[in-house]
Each structure stands twice: as C-alpha cells, then as structure tokens.
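The following pair of complexes shares a single chain, chain A, combined with chain B in the former and chain C in the latter.
For the complex of A and B:
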C-alpha cells in the first residue's frame, strides 16, 4: 500500500468516528431554580450560566453537569447560605443528570423542527441520586439543538433540609428551569 | 515492514478514537471534569473573628451593619448582675468594594473613639487549577480619640488624638471546619501618657474558627503584645466565643477581657484578667445589606 492509501484509511476512520456518534454540547447552558414561598418578601432564586450539557443524537443519551458554586443570586448572603448551609458545595461540588431521551428514534435531528420529549434518568444533587422523569421541548434549528425543560425538585429527596426559621421564605420544592443551546461537538 | 507497522498504528489510532467517542461518559468527553481555579471562600462567617479583622472579606456591593456590645465584668457578681448592668458598644458600617477590598468606619463608646480602616488582600487562597495556600491581607486603620484632653493646660494638638494601626493577616482555611490566621500588628499612638511609654506597640494575633455544625462555629481571637512588655494592669487580649448564624444575621456571642473594640483600644488597653474572671460577656450582631444587585441574576 502506498502512503496515500494510509491517509485515505485514516480519514475514513476519523469520518467513521464522527459519523458514528453525533454529539451536541454546550458549556454555557442556563439552569435556574426558584425556591421562593408565596409568603416570602425576597426572591430566593439562583441562576447558573455555566452548565455543561451533552446530547448524543444517535443513542439519545443526555447528560448535564452544573457546578453548585456557579449559581448566582441577587444577594451575596443568599449565595453564601446556599453553598455553605444547603447544598454544601465544598463536599458536593456539582450536580449531575445522566439519562436518555426516551423516544429518541422518533426525532429527526437532520431537519428543523420542534419535539415534545420525555427525558428519563438519574439526577445527583447534594450527594444523593434519584431517578427522575421530566418533559421538555427539543428544537432542532439550523444544525443546533435547543433544550428547554421545567420541573420541580423536592429538596427533601436530596437531603437538603430547610430549617424552621426560614421555612416561611424557602420553599421545600425548588422549581428548576433548564435552557440549553447545543452545538455540534468537534474533537 | 515499516509501512505495515504504520498501517497498524493508524488503524489502532482510529479504533481507539472511535472507542473513546463511544464511551458512556459524555461529560468527560467535552472536558467537563477539568478542575478550575477557585477562590476559597467563607473561611470565617464575617470579616471580624471577634475583635480582630479576619481573612474574610465582605462580598462586593454589600454593607455590613455591625453592633458590637460588651457588658461589664463578670466578677462584679450579682450586684451588677454579672456585668449585664453596664455596657460598652461599637457601631460600625463596613463596605465590600471588591472581592479583595473593603473599608469601614465605627464609633465606640469607650473613649468616644471613631475609627476607620481599609483592608486589601493582594493574595487570596485558591484551589483547583491554581493553588495558593493562604490569604495575605493588609489592614491599615486610624483611630480618633473623642474624650476631653487629659491635661488641658498644656498645648494640645489635634493630631495627638490620633493613633494608627497596620496589620498583615496570614490566614488559611485548612478544611471546611478549621481556619487559622496569624496577624502581625503594629499600633502607633501619637500621644502616650508618659515619656517612657513607647509610641509603637508590636503584637501578634492568632485567631481561628472551628465549625461545630453548619450554622454554629467556635471562634477565638488572641493577641500577644510582644513589644513593649505590657505595663502592670494591662493584659493580652483574649476572646472566645460562638458564631451563630440565622437567616440574615450572624450573632457572635463571646467572653472577652477587653472593653475596647478597635485595634488601638483592645491591643494596648485591655485591662481585664482572665485568671480573676475579670472578663466580659459580649455579642456582635451583624446584618448584611445588599446595596448593589448582582447583574447576572436578572431574569432573562
């Protein structure tokens, strides 16, 4: 074989590698949560702009990771309490989700369109893992994929305790909002 | 032969790259697990250990309104209800300007003193991609005595009311629950009572925190006056206490042998003797106000 052929072979393998798994990702996904009770005078809301999200369009595998210290709050003191007292970010620096889009084969990722999707998987927060199922919207738009979902998390499920002193302000259920725009992952 | 080896190598590389791609951990693939440089925060619950400055800073855009309270001596017994009949206080406003810069002013009842300071940290403890083992902070402060002149007959200068202090805080948060800091300090008094009394006082502070639970911590704050040796009647200031955190407040409850609550007063004029229970119960109350909103959290 000549050298030319080797290169051809090499290219073939790399192309095969890319074609084999189409991965879309972002490192600037938005994840927000709101744990404000109706009676609270101040909004207990945090937002991260640095969530990492990866989607494998072939298998439907979907994974999220967000650094707890990346959540920003209106009040610095809230941020401190969030990290120090509630999610204990030194011990449990990140929260993850590993799961799949359930009806992945029904989605045509090559064509623009909107899909209602169900996502199933394991969420890990505060060192506790739990199976979750949630509905969201997946939008294919010009080679990019937009993911949006809203769901509730019962904080007690993840052993995040709300002391009685602040129970009138901090809700036991946090509303989570996910908003990620994924782009094709190139090695 | 050489070519065959090359071919095998290329095929192998191709396979390995494919395998790596097919791996289950998608997050690892995009390099999510790389450590980032991260500032070590929350070494202390507040910018003061008890009396002394701590290695911690206020968050930028916040103001800390602090009321420091010291009751009378414990050993006064029941007649003065173990000191609770009397009180000395300092009211202070501290402002967080940058993550490593803050300033504050305060007014104490003890000697009617006004004090102000600037605290700046050229080095802050970090972990992750770049490790810096400790925080180095510099404090420069000034106090202004507001009492009447001790000797009104002699020519008194306004500057005689002033004293200065300079500190370097070397602090490290060793773990989630343990923080320790060393604070070399120099206090300069413009006016001293006797010709033989030196104007400059050198001291070394040792402060720390042991966290007992998420919201309660044990703290201590000791300053050893090195030079000159203390006059009789004065002692090295030692305070021990607990930080208790509620929603928006931090309560610091403690016992201390000093009455004064600024650096000049507690380092050079601590008159209580721990051995004789000549100590005071006290509390600091801190309420942090957010002056500037975090612009990153505005709703989309």
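For the complex of A and C:
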C-alpha cells in the first residue's frame, strides 16, 4: 500500500471513529459478589475494584470485564476457596458481559439526569455463557456516567458447584452488585 | 497392675485431648485467617514495569502462569493516579508512549504513603498480580491488587 493510500485510510478510520459515537469507560469499576444465606456463619462477600467497563453512548453497546482473582474477601480462606473450588480462576481468569442498553435512544447523554435502564446481553462466567437481562440505573452527572445494577446469578447456570458439606452455608444464588463511574474516553 | 493400666489410659486421654485441642486451634486460626498485609509478604519477582508489560503482551497465558497470585515488586514511572470519592487509590505505571500499563490498586490501609506521589515520578510498588486484560481500544493492563509503596525516589 502506498503511503498516500495509507494516510487516506487512517483519516477515514479517524473520521469513522468520530461519527461512531462517544465512548465512556472505567478501569476501576466495582463489582461485589454476595452468596450469604441465613444459615451462613458469616457474610460471604467479595469485592473487585478493577472491573473494566465501556459504554458506547451512540449505540448503547455495553461491555464489562472483570478478573476473578481481583475479588477480595475479608477472610483469606474464603478467598482461596472462591478461586480454587468455585470459579476456578486459574482455568477461567475472567468474567465478561457483552450487551446493550435497550431503549438507548431514550437517554439524553448530554444532559444531567437519572434513568431506569434495561440491559440485555451475554454473560460469561466460569467458562459458561448465558443470555441475561437485568435492570439498573444510569445517571448522567456533569459529563460522567454512573451505572448501578443489582441482579442475581444462579450459580448452577454457570456450572459453579457448591460442595455438599457447605451446601446450606453458601447461597445457590449469588447477588451481584455493580457500581461503575464512567468517564469520557479521549483518544 | 491396675494402677499402671489406669496411668496408661490417663496418658492416652491426655494425648487425645492435646491433639483435639491442637486441631481445634488450627481450625479456628485457619478459619479466621486474614489476608496478609502485602508489605509483610516475601517478594517473588522484582522487575520493571516495561518488562512485566512486555511479557504479558507477548504471551499472556505464559506470563499468567508465571506471575498470577505472586507477590511482585514493580518499578516504573507513574502514568496516572486516580482517587475515588471513598479515597480508594489506583496508580498506573508504565511508559507514556506505551498503551499498556500496570494498574495497581492500592491497599487502603497503605494509601497514606502514596498521597504525595506525583505523575511521572519513579516509584517502586509491591502488589499481587491478578491478571491481564487485553483491550485494543482503552489500552491493555496488567492488574496488581493490595499494592503498597516500597520506594519513591
């Protein structure tokens, strides 16, 4: 390819990039996981501060990616069990979500405001992918976007098995809490 | 004769009690074991941000096997520092011409030591490697958690 063609192509990509819409992102999104049951001797709760999230405000495309080893627990033993026995983070280091904000065109991203949103897409955890739909809140605040959502994950859907010995101590349904503050991505 | 066997039974009982007690203490301690302060952990690898980034860029599964869950001391230039409303600090290390960085989330009990760290300053941090996230758009990252400052000059 000649240099001129190459430059033309670069310009084309650049222009296409602008037209494509604006992306907002964070690399320090918070995702918490809670599998406490009434008969658990204590809270079974882990939290990650390192979730990566990207939202394209033009298309509503939304992506999450979180490293399983980044979940921190109060008790070391719980953290080890979570990684070794439950999510097998050596084999499946990452959990992902790829989807869209439905009714994205109803959101005015240029003005401060709060919206109830529905998000639809595919979640991958423990090497298993599943279609999910969840509700959350999207807040446009002074050029930043805050995303909050709470939803339940049936562990069996992702083939995360709980050993019989602790079956009544660990919830079969994990509560997931998402809290991300996104900033405008500047190239 | 009788008293001898009684004495033996007594010793056995004592031994069993000590054993049961020991196991109970072990279980109790193990159950309540807290995640250790990174500052007190032995360093497994000591290297520059560039070398660590390059290894993950080249082959992330190989580098993952080598570095995941390991205590790593990494030296490099501060690219960016972000502080959240709740005081949670994240320091990004690496060459500014590189899109890949090392993202270090700072142990909240040690964030004070990092308050004065400025952009472009050279620092040495210690943390635990949790993985690599490849991202063509935002720039890839090697993640370290529970980081503490070792040296800032």
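Here is the rule we go by: the second predicted complex is superposed on the first by the 169 of 187 C-alpha atoms of A that agree within 3 Å, B and C clash if a C-alpha of one lies under 4 Å from a C-alpha of the other, contacts with A are read in each partner's own complex, and residues count from 1 in each chain.
Heads up, the rule we're going with is that a residue touches a chain if its C-beta (ideal position, glycine included) is under 8 Å from a C-beta of that chain, and two chains touch if they have at least 3 such contacts.
What you see is a predicted model, and the numbers here were worked out from it, not measured in a lab.
Once chain A is used to superpose the two complexes, chain B occupies space that clashes with chain C. A count of residues in chain A touched by chain B and by chain C gives the higher number to B. Contacts of A:56 after superposition on the shared chain: chain B is touched, whereas chain C is not.
In the superposed model, A:23 lies in contact with both chain B and chain C.
In the superposed model, A:85 lies in contact with chain B only, and not with chain C.
In the superposition on chain A, contact of A:72 is made with both chain B and chain C. Residue contacts after overlaying the shared chain place A:47 against chain B, while chain C stays out of touching range. When both complexes are aligned on chain A, the segment of chain B among 3-11, 93-101, 147-155 or 165-173 whose C-alpha atoms clash with chain C is 93-101. In the three-chain superposition model, chain A touches both chain B and chain C at residues 23, 25, 27, 49, 52, 54, 65, 67, 69, 72-77, 79, 90, 185.
Those residues of chain C that touch chain A in the complex are listed here as 30-36, 64, 68-69, 82, 84, 88, 90, 103, 105, 130-131, 133, 135, 137-138, 141, 143, 145-146. Against chain C, the residues of chain A that register as touching in their complex are 23, 25, 27-28, 49-50, 52, 54, 65, 67-70, 72-77, 79, 90, 93-94, 181, 185. Of all residues in chain A, those touching chain B in their complex are 1, 3, 6, 9-10, 12-14, 16-18, 20-21, 23, 25, 27, 30, 45-47, 49, 52, 54-56, 61, 63, 65, 67, 69, 72-77, 79-81, 83-85, 88, 90-91, 96, 163, 165-166, 169, 179, 185, 187. If you check the complex, the residues on chain B that touch chain A are 3, 6-7, 10-11, 13-15, 17-18, 21-22, 24-27, 29-30, 32, 36, 38, 41-42, 59-62, 96, 176, 214-215, 245-248, 288, 290, 293-294, 296-297, 300.
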